Amino acid sequence: MQPGLYHILFISTVLFFIGVFGFFTRRNLVTMLMSIELILNSVNLNFITFNKYVWPNKLDGLFFTIFVIAIAAAEAAVAIAIIINLYRTHQSIDVENAEEMKF
Amino acid sequence: MSGSTIIFYLLAALTLVSGLLSVITRIIFRAAIYLLFSLIGIAGIYFWLQYEFIAAVQIVVYVGGIVVLIIFSIFLTQQAGELLPKQKLGRQLFSALAAFCGLALVMLQLVQHTFTTTSNTPIEPTVANIGAQMLGIDQNGFALPFEVVSILLLAALIGCIVIALKSKPENNL
Amino acid sequence: MPNVTYIALIPLLPLAAFLILGIFGRKYFKNTSGIIATALLLISTLLAVYTAYGYFFEYGKVDGIYQKLIPLKYTWLQFSEGVSIDMGIIIDPISVMMLVVVTFISLMVHIYSLGYMKGDDRFPTYYAFLGLFTFSMLGLIISSNIFQIYIFWELVGVSSFLLIGYYYDKPSAVAACKKAFIVTRFADVGFLIGILILSFYSNTLDFNKLIERLTTPESNELKNAVAASFLGISALTWGLVLVFIGGAGKSAMFPLHIWLPDAMEGPTPVSALIHAATMVVAGVFLVARLFPVFSISSPNALSLVGYVGAISALIAAVIACTQTDIKRVLAYSTMSQIGYMMFALGVSKYGGEDGLGYTASMFHLFTHAIFKALLFLGAGAVIHYIHSNEMKDMGGLRKYLPITHITFLIACLAISGVPPFAGFFSKEEILLAAYQNNKTIYWVALITSGLTSFYMFRLYFSIFWGRTRPSSFKRDCDEVKGEGGFVMMLPLVLLAFGAATAGFIPFGHFISSDRITLENKFHLMFSISPVALGLTGIIIAMWMYKKENNKPEKFAAMSSGLYKAAYHKFYIDEIYIFITQKIIFNLIARPTAWFDKNIVDGMINATGEGTKEISEKIKTFQSGKIQQYAICFLVGLISLALLFIYVWK
Amino acid sequence: MNITLLILLPLLTAIVILLMQNATQVKWVSMMGATLQFVLAFVLLFSFYKERQLGNTSQMLFELKYNWFPSWNISFHFGVDGISVAMIMLTAFVVIAGVLVSWNVTKMTKEFYFLLILLSMGAYGFFISLDLFILFFFLEIAVIPKYLLIGIWGSGKKEYSANKLALMLMGGSALVLVGLLGVYFSASIHSFDLITLSLLHIPIQTQLICFPLLFVGFGVFTALFPFHTWVPDGHSSAPTAGSMFLAGISMKLGGYGCLRVATYIMPEGAKEYASIIILLSVIAILYGAFATMMQKDLKYINAYSSVSHCGFVILGIGMLTKTSIIGSVMQMVSHGLMTALFFAVIGMIYERTHTRQVSEMGGLLKRMPFISTVLFIVGLCSLGLPGLSGFIAEMTIFMGSWQHPDTFRRVATILACLSIVVTAVYILRAVTKISMGPLKDEFKNLTDATWNEKLAALILIAGILAIGVAPFWFNDLVSPGAEIIMQKISPITIGIK
Amino acid sequence: MIETLTLMKPELIITFIIFLLLFIKIGKGVKSETMLLLIQVLLLLNFITGFIFNSEGNLFDGMYQTTAMMALQKNILSLGIYLISLLFASWFKKSEHMLEFFILMLSALLGMFFLISSGNLLMFFLALELATIPVAAMANFDLDKKVSSEAAMKMILSSAFSSGILLFGISLIYGATGTISFTELPLYLDGSPLQILAFLFLFTAFAFKLSIVPFHLWTADVYEGSPIAVTSFLSVISKGAVTFIFISTLYKVFQPINEVWYNMIMILSIASMVIGNLFALRQQNIKRFIAFSSIAQVGFILVGISSNSAQGISSVVYFILIYIFSNLAAFGVASAISSQTGKENINDYKGLYQTNPFLSLVLVLALFSLAGIPPTAGFFGKLFLLTAGASKGSYLFITIAALNMIISLYYYLRIVRAVFMEKNEQPIEKIEIDLSAKFALTICAAGIVLIGLLSWTYDYIQSLS
């Protein structure tokens, strides 16, 4: 069977929820960030797929992907900066150690 | 089953399996590497889809940029080789359940939906087309988003500098 | 008809006295207030007498019927078309008669009080209150509107309250004034509801119209009122009975009489005025005012009046025989005599000879006012002398208080129905009316009449005969100037004169149920039995009480059950206390307050507490764990998706 | 006359108070403001009469209309009829008395008077508003000053009471708001204007929903059972002037609202729910009266008796006859004056004896004849003595209520009548215990009322007597207003004779 | 070109200021007081220029669009930023990264401007990120405080997560309709399940930014931990900007499926009000308290949004305007107190009126406005929201909303009680307030009082929507 739209959508959706699962369960902040990257990549895959199979007349999906990659980079950079700072103040990047504020 | 199909399934397997491994392995460095593989797998799918430019961007930015950044931060914050702390089983199960429900829901909707394919002439995702549109300001031009992203990157940069490069380490606590 | 609007001055002058003395009395008229009030009242009295003269002898009678004149009427408060409270003056035989009685007795009391209350701290206040009372009572009498009468009805109630509680630092006085007010107030609610019923069916509050509409058999109002019924009794009867309850409360009819004996806590002249001569007969007056309606349209209600009157007369007389406080004896006697008036109305019919009871009742009201005021003022003189109300502190006073003694004796003879004193004539007529119409009541009345003379002479002998008890009064009373001087004796003498001679007034000539002159007939044979009974009573009393002896105790021991019950006023007070304290207070008020505090308020508070509680319970959602937040995010998203994709399309 | 003066004057007074430097100045400024209000109220009364005598029969006099939020169709629409004039008079009386009795306030005087005057502004604004939005605006303006008055200058568990009061009243006004919005959107023209709305027909379904919302909402203000529980706590914790304003003015906002807003614009709703209203009001009357019997604190006594008395207001409205509506307006005014006076007297007594427990007092008549006399008068007014205003109001309500031949209403009326006995019981118990009986030793050195207290009491007594002795002018004042409300109701009310 | 300049005037000015500050930063050597003054003047100028040379039109093939309403919305945000620059002067002066802070804040503002003007999903997404990522960095500006970095971490991670969800939704929409342009989207929306699902994914991003229950959980923690200036920026400016784009997106782009989102908004509005109020009830920290109260406020905004009418837009914009004044006043007072005494607990406010009457009055005015008590503007704001919402005729919804006002009143009054009524052994001492802060507080107070009473403000907004 020739792989097509639904196959790739399946991959991207599964990858999305793998990322979500990772985000839910990982206690290390950096690994949580990595899960976010998975999520963003799955979205990118979606865009490209739709662009390719459904709406090839324009390059909207492709550009979306490019910009998402850029945003992901910026986001990752800021997140890592924050994580590093958090590591300085908390001496840990375990998310369970950073829950001073609650209720 | 043609060769491209086989390649596709291989890429899919690579992406998903390493993606999954990256969120469940307890060795942080491995997690980063699995992530890398997964990203490469996605780049492979882009190639497979003949979106070479985007595949290249994927490899350059992600593999060359973000993953390096992540590994760098791992080195900064983590003693390598140390096992990651384990999440509570209840949380894991519940998360898996929630994620699975989400997956099922989304997949169900996707499968039930018939995508109406456009009949207009496709535009080839060539570098020339992409470049022209990226900087175009008229129809199909993406100059404005480009500018916005540049400001965003600038701001992110400044933010990172302020946060990460603390000037007075003696106040550290 | 001449212009008689000056009648308005009769009540307004006492009101002026009230206002002047009430506001400025304490500052400016500390000592002269009595004179001012008396002077103003004297003018009123003269005006009242002048009015009576004019009405009865000059312009009142047209074509042989005394007219109901309404010289003044203002709309005071308009409720709806046709229904309004009017402030007006009605002039008819009974109101004119009452005007004279009230102003005269009040004047006597005013004069008497000049001596009796002399030196009291709140002398101006006392006269102010007297003025207020006189105003209200006069207003009540001349009311042309049933609501107007209710207004003044309440006002006499409150002045009575103020005067009973005049010695406000005495707890018993405070309790008594409260009791008087509340009991009469309770009855007044009946009156009020009665007014509501009557006014609804007659669609007016005006006495004249109301009586006319409710006595004309073909009028729609009457038909409706009779046709509507509740618990099998017609609305009209209900209305009248409720109005009568109001009257019974004010007139201390059984079982609403309990306030009257306690009301004796007030100054004695006040008792004479309010609780003997005037206010307490307001109930009788009210029934008389509405008599045509009672008599023509609802004989059932009228017979109720008769029976209540008779029972009250008998019970009060029995109790009076056992009381030792002289004012209480007089109080029960008052109740008993008002019972007479009441049942006289009850046995009367409308018009002509059959309406004798009506005339008799009014006649008795008139004579009773005089001799009962006299009795009280006499008792006041005694108390003033002795500084005690108790019979056991008295005895042999005839030597010390000669004028008082004579006048008191006259009054006693009058009340006992001994000819030719005033009481004889009026009581005779009442008994005759009862005999003609209702034998049961007649027998009750006859027995009561005997009892009356017994307890009156028991009182008389105990006070003025027997052994003097120097220990009780020599100590602090010998310096008191005898009988209180001229101002106290003058009213006694005047009243005694009245008590002796008032019976000869041809009352039926002036007052009758249908306002047509009634010829006085005297039935000599009929009057033998009551007079004989009365004399028997006197003799027994003389035998028992003239000399100090142990006969009363023996007698009391002999009939111990009855005596004890009567001495304790047949435990009616206790029943009331049981009802108010145990039932109303403990079973209604206390649970209500509890309910309010714990249930209603508790619910409101619980809402607040519950909110807080919930907010405390759900705080764990905000766990501080970012992953948990994300899970919530996703779960929320999925549930919304499920909801809007599958459930709520 | 320009009736916006009634709002502007208090506003100006309040601003001037804020600029004043010391307590004395503040007092005199507020005194002057209150006096001017008083004068203004009389000017209003007389010019109202004059207009009417000149044959001006329009529903509202001195109407004014400025657009405010044109996009919502909201305007400053002011105007008065007899009912509003009566309520304005009441407010003016209570305000001046309230200012007078607060003469001894030392804590944060400026703020205290500022809030008092602000409260009066809210009340005036409420009574002259013909636009429901503005009306609601002023209704809410009047809530927070009460909260602060109780919370800052109060006594006892003041914070609890203040909270309870503010929250319950705000709850009431929230319901009012929903009701108003319902009316706004259901009428064929989206308008808050009372006159416009009264001419439109509001669909019956809307009335069935919005009438209870509005009625209960306003009812909370006027102590409708079972939403009355803020009354005892609020009144008892408030400072004297606070209680006076609370009971004298602000409880009347609710009654006025029930009548002018709920009943007037939604007559079918009123008719539909009449039985429930009557039931609740009779419960309030009797229940309040019986609960009062058990109270030991003077302020609680008056507060619970207010519940009972305000029940009459609601009863009068619920009975839906012209007479009963007039009676209910009368009861509002009468109760306002009377209860303000009662609280003033309680304040005077408390200031001297430092207790409000009835059982701890006795014989005060000897040392404080003036205060005791006022206490008597107010007690007698409360129990409905003829010649004082309470009688007039209650009797009018009874007469009006009785006009229905329907048995349920008859029974309700009779039950309400019975309450006057209970009232007599608790009033007499309290009054006689306080002022009569032997004088207690600790009260030997008490002094009688000072000039300001006397003046305050006399002003209120004058009001009580003015209605009690000569009710006809008051009746004439209110009656056309009630007539107009009845015209709206009567075509659909069945069975009223 | 001129057209481009005038149309994009607000964005260009902000960009200009950003670069100006950047150059100054590189140049260095200017005293922070002078610097701050300069910034304040620049922001004031920015605010003023918002009133002039406004024109309407599209640029970049509809990717950027502007209308008078949008100009007004941007101007409201500019005003907010200006007030923030005044209010937290003392904090700025102490901070050594003031310039960076302003650069970040202005970048975020720029993002919001683009957000408001965005004409397609791509611009929308980028602008949203531009409006978020710098703020996350700003949240960390109290570099030494643990809570600050915790807040920043929570913010960046949860907003990244929410962006992921948003993007997934956008991708689905793109797949289902083939367009990302706001003008074309309504033509292709038909309410098929996938579209609803996609819309929900998109919607949650708004819900996240607006702190709508159950997507609100990050709010309180981030508000509490961030520097107060950031908290106020988040709670006022961000929320305002997102509300503006939210309402226009819903009304214009998702109009075809308005029945879906009406019901959704109704549910979420009730949830937000109830949960926000219930949590606010028990908060002791003033920032956290305002966080929860602002969640409840959002519930109210949703009531207005649900009306789906021009009145809805104008009442929401009007409310945001009032909300800026009220919330900033409250934050201004809280900041004045916490910057001098470090006290952020409500119990510390006991007896404040005795020592700091001015601060107390402004605070109480602000709280009354938030609670919706007349004559403050908040009363009108809330009332108009409810009125707009009531036009749909859902009584239950409106009743619940109105009753929630009571709970909110309870906790606002709690602070009023503390300030005026409760006794305190050691009340907060007399606080010296910066002149600029005092000025700003006065402006806020005046705004709170006047905006409601001066009805033309509302009418002006109404005329634009």
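A, B, C, D and E label the chains in the order they appear, each numbered from 1.
Simple rule for what comes next: a contact is a pair of C-beta atoms (placed from the backbone, for glycine too) under 8 Å apart; a residue touches a chain by one contact, two chains touch by 3 or more.
Because the structure is a prediction, the values reported are computed rather than measured.
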Legend entry - Contact-graph separation of chain B and chain D, given in steps at minimum: 2
Inset, instruction - Determine which of the two chain pairs, A-E or B-C, is joined by the larger number of C-beta pairs in contact. - result: A-E
Legend entry - Chain whose Cα mean lies nearest the overall Cα mean: D
Inset, instruction - Report the chain whose mean Cα position is at the greatest distance from that of chain E. - result: C
Inset, instruction - Going by C-alpha centroids, which chain is farthest from chain B? Tell me that one. - result: C
Inset, instruction - Let me have the rounded angstrom distance from the C-alpha centre of chain D over to the C-alpha centre of chain E, please. - result: 42
Inset, instruction - Would you mind pulling out the distance in Å between where the CA atoms of chain C average out and where those of chain E do? - result: 77
Inset, instruction - Provide the C-alpha centroid distance between chain C and chain D, rounded to the nearest whole angstrom. - result: 36
Inset, instruction - List the centre-to-centre spacing of chain A and chain B in whole Å, with centres computed as mean CA coordinates. - result: 5
Legend entry - Shared interface positions of chain C, touching two or more other chains: 608, 619, 622, 624, 626-627, 630-631, 634-635, 637, 641, 645
Legend entry - In chain E, residues with contacts to at least two other chains: 122, 126, 129, 133, 136-137, 140, 143-144, 152-154, 157, 161, 172, 175, 178, 193, 197, 220-221, 282, 410
Inset, instruction - Enumerate the residues of chain A that touch no fewer than two other chains. - result: 16, 19-20, 23-25, 32-33, 49-50, 54-55, 58, 63, 67, 71, 74-75, 78, 81-83, 85, 88-89, 95-96, 99-103
Legend entry - Chains that touch, pairwise: A-B, A-C, A-E, B-C, B-E, C-D, C-E, D-E
Legend entry - Residues of chain C defined as touching chain D within the complex: 26, 75-80, 83, 85, 147, 150-152, 154-155, 158, 165, 168-169, 171, 173-174, 177-178, 181-182, 185-186, 189, 192-193, 196-197, 199-200, 585, 588-590, 592-593, 596, 600-601, 603-604, 608
Legend entry - chain C residues touching chain A - in the complex, by the definition given at the top: 619-620, 622-627, 630-631, 634
Inset, instruction - Can you check the complex and tell me which residues of chain A touch chain B? - result: 1-3, 5-11, 13-22, 24-28, 30-31, 33-35, 37-38, 41, 44-45, 48-59, 62-63, 65-67, 69-78, 80-85, 87-89, 93-94, 96
Legend entry - Residue ranges of chain A touching chain C (in the complex, touch as defined): 20, 23-25, 32, 95-96, 99-103
Inset, instruction - Enumerate the contact residues on chain E facing chain A in the complex. - result: 121-122, 125-126, 129, 133, 136-137, 140, 143-147, 149-154, 156-157, 160-161, 163-164, 167-168, 170-172, 174-175, 178-180, 220-221, 224-225, 282, 288
